[in-house]
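Here chain A shows up in two complexes: once beside chain B, once beside chain C.
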Partner chain A sequence: MLTAFFEEIPAFFTYYNGLFLLQAAMRTIGLSAIGCVVGFLLGFFWAIVRLLSGKATLPARLASILYVEFFRRVPFLVTLMIVFFACQVLKLGFSVFTVATISVCLIAASYTAEIVRAGFESVPLKQWEAAEVMNFTLAQKLRLIIIPQAWKVILPPAFSFFIAFIKDTALASQIGVIELTYVGKVLNNKGYSASLVFGTILILYFIISYPLARFGARMEKRLALSKH
Partner chain B sequence: MPYLSIENLHASYGKTPVLAGIGFSVEKGEIVSLIGPSGSGKSTLLRVLVGLNKPTSGTVSLGGRAIDYTNRRALREARDRFAIVFQQYNLFQNMTALRNVAIAPVKVKGRNAAEVEKEAVTLLEKVGLGDKLNAYPDELSGGQQQRVAIARALALRPDILLLDEVTSALDPELVKEVLDSVSLLAREGMTMLIVSHEMAFVRQVSKKVVFMDEGRMVEIGPPGEILDRPKTGRAREFMAKILRH
Partner chain C sequence: MNYTLHFGQVLQYVPYLVQGAWISFQIAFLAFLGGMVIGLMGATAKMFGGLWLRGLVNAYTAFFMNTPQLVQIYFFFFALPQAGILLGPYEAVLIGMTLNAGAYSAEIQRAGFLSVHKAELEAAETIGFSLLQTVWHVILPHICRVLFPPLSNHYIIMTLGTSMAAIFGVEELTGRAFNVNARTFRSIEIFTVTAGIYVLVTIVASFLLLLLGRWLFRVKGKIF
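On to the complex of A and B.
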């Protein structure tokens, strides 16, 4: 059994299989990176919208709550399908990769919005009040006082979300995005043994997420050390 | 014309009334102290003045003009003239003492950074913290933090300084250093509205004392009168309790 496994290796790691896997890995990385970066920025935006006050901004605040609650409750796969069919109905002619990218951004934004909101709320009310009576604008309060203090509460859950999120992008294979999981299935169907194919896929996922995990751990450590 | 005038002011937390018809005035350069048991509405009154709590009725006038607390611009203008020091100091935790003092004049009032910084150093020296310019709040004692908070309020160049139980959170031996700073301002003629439980201090600096209980103004008069010869039973009871030790 084990000898069969090792004998298969040279046949598996051919130039074309390698290229196939590399391209798939790039798609997984692309989906994850765009999802995390755009999602985080959008999430920040939604979290800030919720801090607005006054009657005029009520619709915006409601939109923020609705958005976050909707995409956090709907399964990833369903969101993917909704975006997929919405794009078809609207005849937008997007590639499946674009559809998947839009979906991951929508989902990542809803989760990070909650993470950022929790970070904002971790800063004591008295800090907000002191800034308020000194006539700081909302933008100044956030930039100068709140965000510098909220970072250490935001970063740890944000990074664990990003790492989990890399794995979730596998669902994009369901609409035909040729990313790692999809390629795993294709190679397996071509006759390569599942243990070899998915073992390789597993290692590739690890290689993608490990540096991010290390980076997150380093950032947290730095924040913990510098108390200010 | 009184500088700050409060007329028939009401406020409530939800349905619970916390201020029920407060009315008195503060002249320029005058120091008025608010005393009374916990929960009598003293701190709430200061919070209403700076717009952290909304009044339900009544008027607050500054220099003869009523403040419209429902109007954002009017509120900003009012906040520009008040400065408040809180019981828990509320210094910005992510900034040094110097930056805590200098940030609002630079960022909010748009003043020259170098000039403000010089002034901030002078203010911190004035409250005895010339050697703590670059210390962060969590590296300072409560008394030191409170003195930074006073310097921060002064840097805003307020017309009226509001002090909300500024020594209540401090260890007894730290109270004096803070009160000394406040006394210094009193001698310089700063207009102040002070909430305090330090009766000796209240007697020494105040022109007028307001005794409050359950959101109402029970007595008002010069400190000698209110502290030594209170007319109402409620005030007598409070003085007896607080002056016993």
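On to the complex of A and C.
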């Protein structure tokens, strides 16, 4: 079995297969990068909405809580299916890549909202009260007092969540986005042996994810040191 | 846009879906338990193992934490038959999820071990605790309290992860949703109901874990 495996390797790593894999890897990275940036901004927005006070903003706060709790408790696959069929029914004519990006953004927003909220909560209450006493508006409080202290708490978990998301985008292959996992299935269907194809796909994911994970761990350590 | 939502057709399938949720729970629970065992061994090896053992376990956790669970299960499902190991969909998913959970929980448990302070051990020694007493009265309560929140969080994430089993044809909650979808073509309705069931199941799980944590280890926590 092993000799057959090694004999197949030169036939597998041809120029066009390589190109196919590379493009697919770029699409995986693109999907997660767009999702993370948009998701982070949206998540920040939801976390700030939850900080509002007063009766008038109660619906907004409730919406924030509902949004975050819903998308954090529904599997990515199910969200993907809901968005996919909703786009179909609304006749928006989106490509599958757009559909996948929308669902990635939706989910990333809910998780980052929680991370950002934890970051806000990590700032001591006295700081909030001092800002209140200075008669700062919410925007001033956040910009001058809270975010400069909270970002050190927010950044490491947000970063590791983004890395986790690179792997979760593998599920986008189920609606037909041509990213790494989908390419694995295509090449497998073409007749290359599954161990070779999926082994390669696993290694490619590892190559994308591992350096980022190491970078994140180092960043976390450095930020933890600078806190004291 | 001429689409009217018809939940009526879907609602008759709710019992069918809920039975699927039970299978999801089984997969998540078994994989979580298996992952805990692997994680305990892994964390012990990471802390106290020799150079080779540590390297091996580190490679295992790094590999499983940095590759998608879906592709890992693909590998078990499609590649292992080439080596003569035939796995059914349920077994492939269970093995894949267990190994994946093992890697994560090894990392989590190692962090828990590391959180025991030297001062605590010295204090235990000062009041004349034996090794067994130290483990029982000082180390275990501390580790349990530190580990409970991240592990229960991981359990919720794993419950969501079981939806992947649908891709391999296991008839758990998402798999059954696919079945009903093929039968009724009420896609949005069926997946919304499925999402609702997932939300309910995970909220119940969070709540039970919260109670368990309070009762056993006096862990403070909240669901929302």
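In the analysis below, the second predicted complex is superposed on the first by the 226 of 228 C-alpha atoms of A that agree within 3 Å, B and C clash if a C-alpha of one lies under 4 Å from a C-alpha of the other, contacts with A are read in each partner's own complex, and residues count from 1 in each chain.
Just so it is clear, contacts are C-beta pairs under 8 Å (C-beta built on N, C-alpha and C of every residue); 3 or more make two chains touch, one makes a residue touch a chain.
Just so it is clear, the model here is predicted, and its values are computed rather than measured.
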Note to self: For A:77, using the defined touch cut-off, is the partner it touches chain B, chain C, both, or neither? Pick first, second, both or neither.
What the structure shows: second
Next item on the list: Of the two partners chain B and chain C, indicate the one touching more residues belonging to chain A.
Entry: C
Item checked: Partner chain in contact with A:172 - chain B first, chain C second, else both or neither -> neither
Notebook entry, point to check: Which partner does A:135 reach: the first (chain B), the second (chain C), both, or neither?
Noted result: first
Check: Now for A:86: first (chain B), second (chain C), both, or neither, which partner does it touch?
Finding: second
Next item on the list: Considering only touches as defined above, state whether A:184 meets chain B (first), chain C (second), both or neither.
Entry: second
Next item on the list: Could you tell me which stretches of chain A are touched by chain B in one complex and by chain C in the other?
Entry: none
Notebook entry, point to check: Which part of chain B faces chain A closely enough to touch in the complex?
Noted result: 50-52, 72, 76, 79-80, 82-84, 86, 88, 90-95, 103-104, 107-108, 136, 138, 156
Note to self: Which residues of chain C touch chain A once you look at their complex with the stated criterion?
What the structure shows: 1, 3, 62-63, 65-72, 74-75, 78-79, 81-83, 156, 160-164, 166-167, 174, 177, 187-188, 191-192, 194-195, 198-199, 202-203, 224
Next item on the list: Can you check the complex and tell me which residues of chain A touch chain B?
Entry: 54, 126-127, 129-136, 140, 144-145, 148-149, 227-228
Check: chain C touches which residues of chain A in the complex?
Finding: 1, 65, 69-70, 73-79, 81-82, 85-86, 88-91, 163, 167-168, 170-171, 173-174, 180-181, 184-185, 188, 193-195, 198-199, 201-202, 205-206, 209-210, 213
